[in-house]
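Common to both upcoming complexes is chain A, partnered first by chain B, then by chain C.
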Partner chain A sequence: MNPPVPPEIGSHVIPLMAALMLVVQMLLIAQRMLLTSIRLFAIQSLLLAGIAAVVAYYYNASHVYVVAVLTFIGKVVFLPWLLNRLVHRIQIHQETDPLLNAPSSMLVCGALTLLGYSVTRPFTSLEKLGSNTLAIALALLLTGFFLMINRRKALTQVLALLTVENGVMLAAVALTTYGMPLVVELGIFFDVLVAVMVLGILVYRIRENFASMDTGKLDQLKG
Partner chain B sequence: MLLLTPILLAPLAAALLCLLVPSRRVMAALGVLAFATTLGLGIVLLNEVLAHGVVKEWSEFLSADALSAWMVLLISVVSLATSLYAGRYFQRDMAAGVVTPGRMREFFVLTPLFGSGMFLVVLANNLGVMWAAVEGTALSSVLLVALYNRRNSLEAAWKYVIMGSLGLALALLGTVFVYAAACKSNPDSLPSFNWSYLMSVARQLDPYQLKLAFVFALVGYGTKAGFAPMHTWLPDAHSEAPSPTSAMLSGVSLKIALYALLRFHILTTASLHGRADVGFSCHLLMGFGLFSMLLAPPFILVQKNLKRMLAYSSLEHVGLICVGVALNSPLTIFGALLHMGYHALTKPVLFFAAGNIHQTFHSLEFRIIGPGVGKVLPVTVMLMGLAALAAVGLPPFGLFFSELIIISGGLTAHQTTVSVIVLVALLVSFCGILQQLTRILLGARKPGDHPTDARRTDGVPAMALLLGSLLLFSVWLPAPLLELMRQAAAIIGGTP
Partner chain C sequence: MNFDPLTFLGQTLALLLLAPLLSGCIKNWKAKLQNRRGPRPWQVYFDIAKFLRKDMVISEHASWIFSLAPYVVFLTALLAGLMVPMISAPAPLRLFGGVLAVIGLLALGRFFLALSGLDPASAFGGMGSSREMTISAIAEPAMMLAIFTVAITAGSTDLSQIAQSTQSATWKLLNPAHVLAFAAMFVVLLAETGRIPVDNPATHLELTMIHEAMLLEYSGRYLAFMEWGAAIKQLVLMTLLVNVFFPVGLAGPQASAAALGISLVAYLVKLLALSAVVVIVETTNAKMRLFRVPDLLSTAFVLAALAMLSTFLFG
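Let's look at the complex of A and B:
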């Protein structure tokens, strides 16, 4: 079967939403309040769910709707709720000073985004969704790694991991014709949910044992 | 008759039952029963694979070739020994008040789940499902590493889960690239993501994309397999986890990640067949393997903690297996598979013995365990000594033969430098391990330092089972097993 030729608008909307995801990522990097960071992650995931829905609509691929709904339920509703509850339980609301301050973080992330664009250049020919989406996905991945290194609170590192995962899922939408097979999407969905639950348990236990969730204090094991 | 499904379901059922049953004995027995069942089924699977080639179930959702069948056997044996050992181990921990009943139940529920996840990794036909299963094994083992809820174990668990998840995110990206290549070669429909399908169209897949996918998979699954320099989580997790979990992590979990990577290696090599860059994935594997082998011995020499030393030895063995595969001759690949098996039989014994020592001396630091452990725990020390001799590669134990096969295979393939590097690394860690262990195991105890709660027979059945089969299979490899490994080596080597 041939996919119906997508109207011009589809290939404009998707890069636009992907770019918005990157903007949200930048806000997340500058943000130090944990609850706001969780909200920003929810917005980013909402955009991802939106992209999946747009792909499903323009390419008549009904199984991608399922992906959109799963992303919405999991990453926009459930995980932010879970992380919010965790923040209230451990009573730490603010991130300490990151290694790099906000302006220099922005510069680094700008450089990482450029890197994302330059390494994906050979791929632009095989993309159907405009040439930007894959570059943005890679930029999300790289800035997610940066966020992980730059912050000390265990909870922010969980958020960083989740944005890396969002980047990979965006790459999956950008590179493949109709997203991944449904069984794989289901597997990834449950893995992410369980991962955050496990991480939440660990964060809680670290907070109990160290009276803090600074991962900088996890420095006993060496050599 | 369904064969693969019960292998997945038996540990799962044991995990669910362990949620309900009240007593420790029953939970331990359920674990033993589940993995004894999978071991039996694994032997049936071996015969099926030899008789009919690939075994498939649920319209090819599950499939097992010789390589998967070999891995099923390894997982079953190590998990069986672990379950045998865990019952007594936790009895002592409970008596010492180190773990609560809740935490102990956590162990008996999560361990079969961990096993079940590993079975799914090797039996899944779909590369995406394989990824999800690897992530599942990581998640189920993280809470096992954090079981003691001490500061150090939480630190180890946090490093493990963050490194593992970031690595696996990259592996997922690699998986996505493979699927993208499949989509590109067949743009009009939703292509299957099954391994068997991908292999059948390997020559039509975009080689550039597969190479990129392999790089991501190498970094991703390589982190989980403990390749240097992504190995930093490995000694932490292995040393802070309860000893039965350390045995599973080192005995099979590392090799499961390596298995996942090997699938990408096979696919990439098949797709590059006949091109100038056909050795692309081999070269990368060789680099990481040799680096891991070279990095481990210095850390063994300066190590002050028993289980961390064993963890670095695992790093070296994984590196050697990787080098064996990367030398890419039928002989060395066979040697690598053989090494995988022998290592799976050896390393858990060392970790079980370390567990006994830990419970008796309440420490793993060499200076506290201190000389003359043999006077306090004679049986444990004797078995540990034998396993250590096996692990450093002395005959008559199998690891000697598998190492010899890999080194001589390298020489035959005119890879003299590689063989020499391997030999030097093995020699240094040989000296390191033996020197460190003789210092603590032999000699006289310091006066007035006799721990009172030493128990002589703890864990002996599990250790004897593994050492016994190691000795048996070192001198006599049954013909079906040999044939299975030959076929598995042929799958990796790409020969038809």
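Let's look at the complex of A and C:
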């Protein structure tokens, strides 16, 4: 067995990595190149896997290790690879202008994060893993939804969905339960995996049929 | 607390001599990363010495502001540098002012720099000035918010006290608020020193230049002071970043010679590490379109605002 480590270090590392996840999310909102966005998502997932591993190590919750490994394999290696291949196949590398320009969407996301912080404020005493991890999880969720609404390309919307899922996972890991039951986690994980693969095919078909993956064009589909 | 002429002199000399060397190092490393041989690190000294010897050509439209600006830019950077703790924690001019004075002095220097770009009535200069002001309008609030975040944690706007209080609590380094503030400050550093995603420091012949456009009409002694002042400003900002966020090894008041030596070595190592990061960022990124720069800076601003927020909510 490992020597006992003061859990104080764990409760410092976890909010730190959660804050880095938020930083990556902000960069993702300002980023327009699809390949860089995918790489940023991979970094965010790597941080999530790191948080899960730290939680598992310091709180002796061995089933969280499974979450860490699954997150690493699925979201750091497999999904970015899949999306990268998709980008190369459909030959679109850049997002067109989003509905709101970058500075104002940054401000909106700052406001959403503020909302996340203020909503989770009453719950801070429940958490044992640092003070603001739950707030950051909620902020990831809200800004992920905003990203999904704001962008036009189907691929970025898929990425936004994945960051929302990262937020949910972070909330699950960061709450006092040290993660949900393993069955639920496996369920969510494969759900997301299959969803992204199906969405990938869908994106490819959209691109094939309309010579664009701008989802705004889909409402003109008539007759 | 007393005014110590020895540290005052020491830090002035260090600022004057280290600043060109640091610019030279960054230039040299950048060239190495791009498979060029590059200028030697101490080339900047020779450049400044050469400019100081040369005659000046001054536009006939230029007024007295044009001749005043180089001294203002140079002296404000130097004074701001004397308020930032470099090697020993109480900075020489700490009684004179803290963070606000540093930011104010740098802003004064920038104001005169922009005026001097407008003064000789050249088209390029005016363009450079307007761009500089556009960028600093977003970069400056981000920098203030980021430093204030640290100031709130330390309970003082005195930079020496900030450095000392962050030093005592080791884990404060990993405070999420500080991470956000550091990310914001780093982007501001790139913008304020005219580094690549924002401005290209290696060009005189581009329509997109910002800092160089303002210096275009300068020559001889004035140019030397302008370049030297820019190098000192860069050193001051990097020192601020390094010593406020990572004050490892910073010597306290009444430190022994050995502690000062360790502090000097630690300071140089941190400075070179930060320069290496800047070099990597400059080499791996392309320059942004001017209209895209506010996107980057607004990211920095929001990060700094979030940093501030999280210190208030979870102090």
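Just so it is clear, the second predicted complex is superposed on the first by the 213 of 223 C-alpha atoms of A that agree within 3 Å, B and C clash if a C-alpha of one lies under 4 Å from a C-alpha of the other, contacts with A are read in each partner's own complex, and residues count from 1 in each chain.
Going forward, a contact is a pair of C-beta atoms (placed from the backbone, for glycine too) under 8 Å apart; a residue touches a chain by one contact, two chains touch by 3 or more.
In this text, all values refer to a predicted model and were calculated from it rather than measured experimentally.
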{"item": "Clash or fit, chain B versus chain C on superposed chain A", "value": "fit"}
{"item": "First (chain B), second (chain C), both or neither touched by A:A49", "value": "neither"}
{"item": "Which superposed partner A:I90 touches (first chain B, second chain C, both, neither)", "value": "neither"}
{"item": "Residue contacts with chain A in the superposition, chain B compared against chain C", "value": "B"}
{"item": "Partner chain in contact with A:V76 - chain B first, chain C second, else both or neither", "value": "neither"}
{"item": "Touched partner set for A:L112, first chain B, second chain C, both or neither", "value": "neither"}
{"item": "Partner chain(s) touched by A:P15 [first = chain B, second = chain C, both, neither]", "value": "second"}
{"item": "Touched partner set for A:N132, first chain B, second chain C, both or neither", "value": "second"}
{"item": "Partner chain in contact with A:L159 - chain B first, chain C second, else both or neither", "value": "neither"}
{"item": "Touching partner for A:I188 - first (chain B), second (chain C), both, neither", "value": "first"}
{"item": "Least Cα gap, in Å, left between chain B and chain C after the two complexes are fitted on chain A", "value": "22"}
{"item": "Chain B-facing residues of chain A, complex", "value": "1-2, 61, 122, 126, 141, 145, 148, 154, 157, 161, 164-165, 168, 171-172, 175-178, 180-181, 183-184, 187-188, 190-191, 194-195, 198-199, 201-202, 205-206, 209-210, 215, 218-221, 223"}
{"item": "Chain B residues touching chain A - in the complex, by the definition given at the top", "value": "61, 126, 128-129, 131-133, 135-136, 139, 142-143, 146, 149-152, 154-159, 161-162, 165-166, 169, 172-173, 176-177, 179-180, 183-184, 187-190, 192-193, 208, 235-236, 239-240, 299, 302-304, 308"}
{"item": "Parts of chain A lying in touch with chain C, wherever the complex brings them together", "value": "8-9, 12-13, 15-16, 18-20, 22-23, 26-27, 29-30, 101-103, 106-107, 109-110, 113-114, 117-118, 121, 124, 130-132, 135"}
{"item": "Chain A-facing residues of chain C, complex", "value": "171, 174-177, 179-180, 183, 292, 294-296, 298-299, 301-303, 305-306, 309-310, 313-314"}
